[in-house]
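Given below, in the form of structure tokens, are the structures.
Here come two complexes built around chain A, the first alongside chain B, the second alongside chain C.
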Partner chain A sequence: MVATTAAAPAARPRRRVDDGVMTVGRSRAGTIAANTIGVIFSLFMLFPVYWVLNTAFKPPTEVLALTPTFVPTHPTFDNFLSAFKAQYFLQDMLNGLVVTLMAVAGALVVGFLAALAIARFKFFGRKGIILVILAVQLVPFIALLIPLFLMLQRVSLTDSLIGVSITYLVLILPYTVWTLRGFISGIPRELDEAALIDGCTRGQVFWRIILPLTGPGLVATSVYGFIQAWNEFIIINTLNSPAKQNLMAWLLQNQTTRGTAWGPLMAGAIITSIPVVVFFLIIQRNIATGLTAGAVKG
Partner chain B sequence: MSVVETPATRRTGGSTPHRASGRATRTRRRRQGSGLPWLLSVPTLLLLAGLLGYPLVRMVVLSFQNMRLRELISGRTPPWVGLDNYTRVLSDSVFWTVVGRTVAFTAVAVIISVVIGLAIALLMRRVAHGVRMLMIVAMMFVWAMPQLVAAQAFRWITDSDFGVLNYLLDMLPGVHYQNHSWFVNPWQGWSVITTLVVWAGIPFLAITLNAGLTQVPKELIEAATVDGATFWQALRNIILPILKPLLTIVTTLSVIWDFGLFTQNWALRDGHPEPEYQTLATYSYTQAFGQSRYSLGSAISVITVLLMLGVMAFYIRQMFKIGEVD
Partner chain C sequence: MRHGKYPFIIGFLVVPVALYCTFVVAAYLQAFQLSFTGWSGFGRITYIGFENFHKLWNDDLFWQSLRHNLFLLILLPVVTVAVALVIAFLLNVGGSSRGGQTRGVRGSKAYRIIFFFPQLLALAIVAVIFQRVFGPDKSGMLNGLFPASWNPWLFLADERWAMTCILIVLIWQAVGFYVVLFSAGMGSIPAEIYEAAALDGASRITLFFRVTIPLLWGTIQVAWVYLGIAAFDAFAVVNIMSVDRGGPNGATSVLSLMIWRNTFEFSQVGYASAIGVVLFFLTLTFAALTLRVTRRESLEA
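Now for the complex of A and B:
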């Protein structure tokens, strides 16, 4: 026993221990198996994505073929064209942009102030506010849809882009506050204090230190807010008439009204997804840390 | 509501040492101006109160009234009916079936996705660099895909006439899946829905848990190896205990998300889920907006939130406990 323990440190440098966790029982056959499973898993995950792309570039006859082709034999952009030409598509795209941008801008301004309060001040009721912000993120929004609908109807804000914008603003607000809080508390307080000693006012500290340093955080937060608002369709579909929907709702209505034209639907789905996927890939580092942030102590 | 509502504190973290040092002096100074932080929070609080708090109260009130289309149009106060909605809902066997189905789906979907998520996270540490990159890229694409788009993709893949799934299964010897409809038999339909939910949920779980695995000290694993521990022993006695706080949180979140299932069964059933495909969320929605029984729908929503309350409280307590909320 003693011999084993003594020998271990000496043997260590020779063994390749690049990552600690899975070195137990590492064998050549095991590594090959692991890599194979990894590749199969990736292909399985990617298959639906690939199939959407594949379908979108097929002409109608190929889409509705009993023997599906795995690469379009006659690739075409027709599906994209017919999606653009479809009723409401461009209108819905515009609506979606308006609603999303208004919600994100509003949430950013309002949320930043609250985030500042939570991150930089100790005050009575702070914990209470944090509790509220965490809790409201968990309330299923669909549960609130009935009273919300009745409320907005009372003030004539149903079938209006403003009503939806405000709703989306509130939808992404808790997340915005919570994320910005994280970014602001990442700025060392010593910077604030040094500036105060050098004679800056509170306002100057905000404009010259906190705001510029939170820049990347503001981008990440607004992008994520954008994704959330852009992906929403239940609220807008319930509150608004067909002329005032967004692209997600278009995808849903497209299927019910005219049977399913799979080609244009998949093309529409791709167009709808592009901003989300691009934005997501840009900020994925921030998202990956997750609601779980604190559990991973770095 | 799809991806994750997440604070990105870790990225910018590293401020932990500051927090501890000199707290006493700072606290004293900050406490003086306790008006300013409240002033800064007022817009947020007003918006949350107006569009989340008030509807929440209204939802409860509504569940004790009888709001139908007539009251909606005339704007008159709906009549009070006391507990009628609740007795009606709770004595309805359809409701209990929906509750049972939602709970069962949540249990199955959460268990499968957490187990696979953990397995993939472990696998990511074992594979070659290139394969790991491939896995991450694949998962990022899935994660980025909007829920509704993913649901439409699955609807197309499982289409009875031209879906590629039937085509592929039909190629297996002895299997005849031509024109097979996946949603006639609810068990098969729910397998499709569960596959969709698990498939879409794995990226978050695997990538988060993989990040958590970097916290497992190499020395512990090495020591265990030297002492002759098998992989399963190391997993059970070293990795899982260290991963536990993170596992608890991602599991809780998965429960909350899966219990509120709406988009997937809604879209896969063309916006008209049959009784066998209703979950609590779609059931409440259908009652309210499909049948104009706003009060009954509210009562179902109230019960749904009450059912979830324990899990939500647990999640928030956990967030405070691990010190994320400081």
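Now for the complex of A and C:
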């Protein structure tokens, strides 16, 4: 109370300036309402995730208890251990990593070059290529499973990590090209021209000027690509045998064969999500930039 | 300098164009071709003309699935965009005002991370989680939270509510992304516009409808198209969560699920391809229509 009365006289002269805004309805009650909605919505978003953690640390008897507890009474790591010991788990984790990294690396190289061409040159068919990039993201991929399978089978790339990697590359390429194009368009052309005048070749301009300046864009797109490829399971499940799946497919396989073994399933889900969460925490400051770069600088 | 242009362009674009021609264009052409066959997935391919499409027209499950897709197509974008807009607005403009500046609520950065979190979980994992959330006995999360005297709700096992459960999961999964997207868009709206409107006596609600929404229209349009496409797909969630794959009694069947089941369970690749062709045209029509219709509105506004 003392503090407020002391501050009041000092605040009074400013009051007039603030008047217009004070009538905006930006009342204390409004702010409280805004915060309340925020908290409730956070609970709505977080509770299921919390429930996963809760379930993963519970022994089987507690998982199916008819009066669920909010904290495991006898917390255990057994669920995680049994996931690690399960057939194909480590194998599929490794497969997932290999496939994802190959797809992301490939998409970065191919996507960067394509984005360069679209952002820096005017040529016949440029509009058409942009349109195709956007349209590809629209078509339902599920109808392509069979043709894809037949095509890869013809070149013996089914049941192979390479076949899946290439398919994932195609899947994440549109976003990669589109976002990188936004980043490259943001680099002033004057830089290219200055370098050309100083005696750089075109190739050197791309390699020494544009590539380093696109760094943040490359990070953003590779993280997005990683999330996409790591989380995919339909394609890999269709193309490959059980020994060549990724963790996501493994998880679903186990869901169907084990029925209601919720504890290990939730533990598996947590392990599967860790790489993506770690990646996200690394770049979370720039997430909005990465999301909008392609759109804003169109 | 110009003469050195085309080698670069061709060199840079040859790989992506080749990839798309094989993996998307050729694959789709093959899907079109298969839709005119009675192929089972094995053995000889026989052409049967439009028979698959004729059969589709008379298939009750097809119409039921299409209705479910339309249900999602209408409600998923409407609810997600509305919720995401309100939350993003609260985060950016809803806070207290000091010195006449509009600000977000306290902790808006933390909120942004929390809301984005579900986006990190694979749809497969989200579906598995929500199976547990909607568990039809007392060990399920929601039923566990309800008073002990209530009979357990069936959720996904209830024909009337199963589709709504699917919708809720899709919204839960998608909304965080659009909160972040709209927040970024709102962040780029100059603060002076809000201040000017506020000085003219605009309430927060007026600010929302008269300033934020018109200035974000382009982003909302994109969100609408993306959510619509998610509504046409919805395969992962339905396939994993629904009782008896699309059940109970077809209550959660969608077109993508029909494609999957006809391909891998019923060995009717030709028929599945026909559904794929229908889905292809539906999706493209929807995207073109949305962009056309909303563009006109934005010009009038």
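Quick note on the criterion: the second predicted complex is superposed on the first by the 248 of 298 C-alpha atoms of A that agree within 3 Å, B and C clash if a C-alpha of one lies under 4 Å from a C-alpha of the other, contacts with A are read in each partner's own complex, and residues count from 1 in each chain.
Here is the rule we go by: a contact is a pair of C-beta atoms (placed from the backbone, for glycine too) under 8 Å apart; a residue touches a chain by one contact, two chains touch by 3 or more.
In this text, all values refer to a predicted model and were calculated from it rather than measured experimentally.
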Touching partner for A:L196 - first (chain B), second (chain C), both, neither: second
Partner chain in contact with A:G96 - chain B first, chain C second, else both or neither: neither
First, second, both or neither for A:T179, with chain B first and chain C second: first
Chain B versus chain C as contact partner of A:T167, first or second or both or neither: both
Partner chain in contact with A:P264 - chain B first, chain C second, else both or neither: neither
Dominant toucher of chain A (residue count), chain B or chain C: B
Touching partner for A:G217 - first (chain B), second (chain C), both, neither: first
First (chain B), second (chain C), both or neither touched by A:V276: both
Chain C-contacting residues of chain A that also contact chain B: 17, 20-21, 23-26, 30-31, 34-35, 37-38, 41-42, 45-46, 48-49, 51-52, 55, 63-68, 110-111, 113-114, 116-117, 121, 123, 129, 132, 135-140, 142-148, 150-151, 166-167, 169-170, 173, 177, 227, 230-234, 238, 248, 251-252, 255, 262, 265-266, 269, 272-273, 276-277, 280, 284, 287-289, 291-292, 295-296
Chain C to chain A touching residues, read off their complex: 1, 4-6, 8-9, 11-13, 15-17, 19-20, 22-24, 26-28, 30-31, 34, 41, 86-87, 90-91, 94-97, 99-100, 102, 105-108, 111, 113-118, 120-125, 128-130, 132-133, 137-139, 141, 144, 148, 172, 175-177, 180-181, 183-185, 187-188, 195, 198-199, 201-205, 218-219, 222, 225, 229, 232-233, 235-236, 240, 256, 259-260, 263-264, 269, 272-273, 275-277, 279-280, 283-284, 287
Parts of chain A lying in touch with chain C, wherever the complex brings them together: 14, 17-18, 20-21, 23-26, 28, 30-31, 34-35, 37-38, 41-42, 44-49, 51-52, 55, 63-68, 110-111, 113-114, 116-117, 121, 123, 129, 132, 135-140, 142-148, 150-151, 166-167, 169-170, 173, 177, 196, 202, 227, 230-234, 238, 248, 251-252, 255, 262, 265-266, 269, 272-273, 276-277, 280, 284, 287-289, 291-292, 295-296
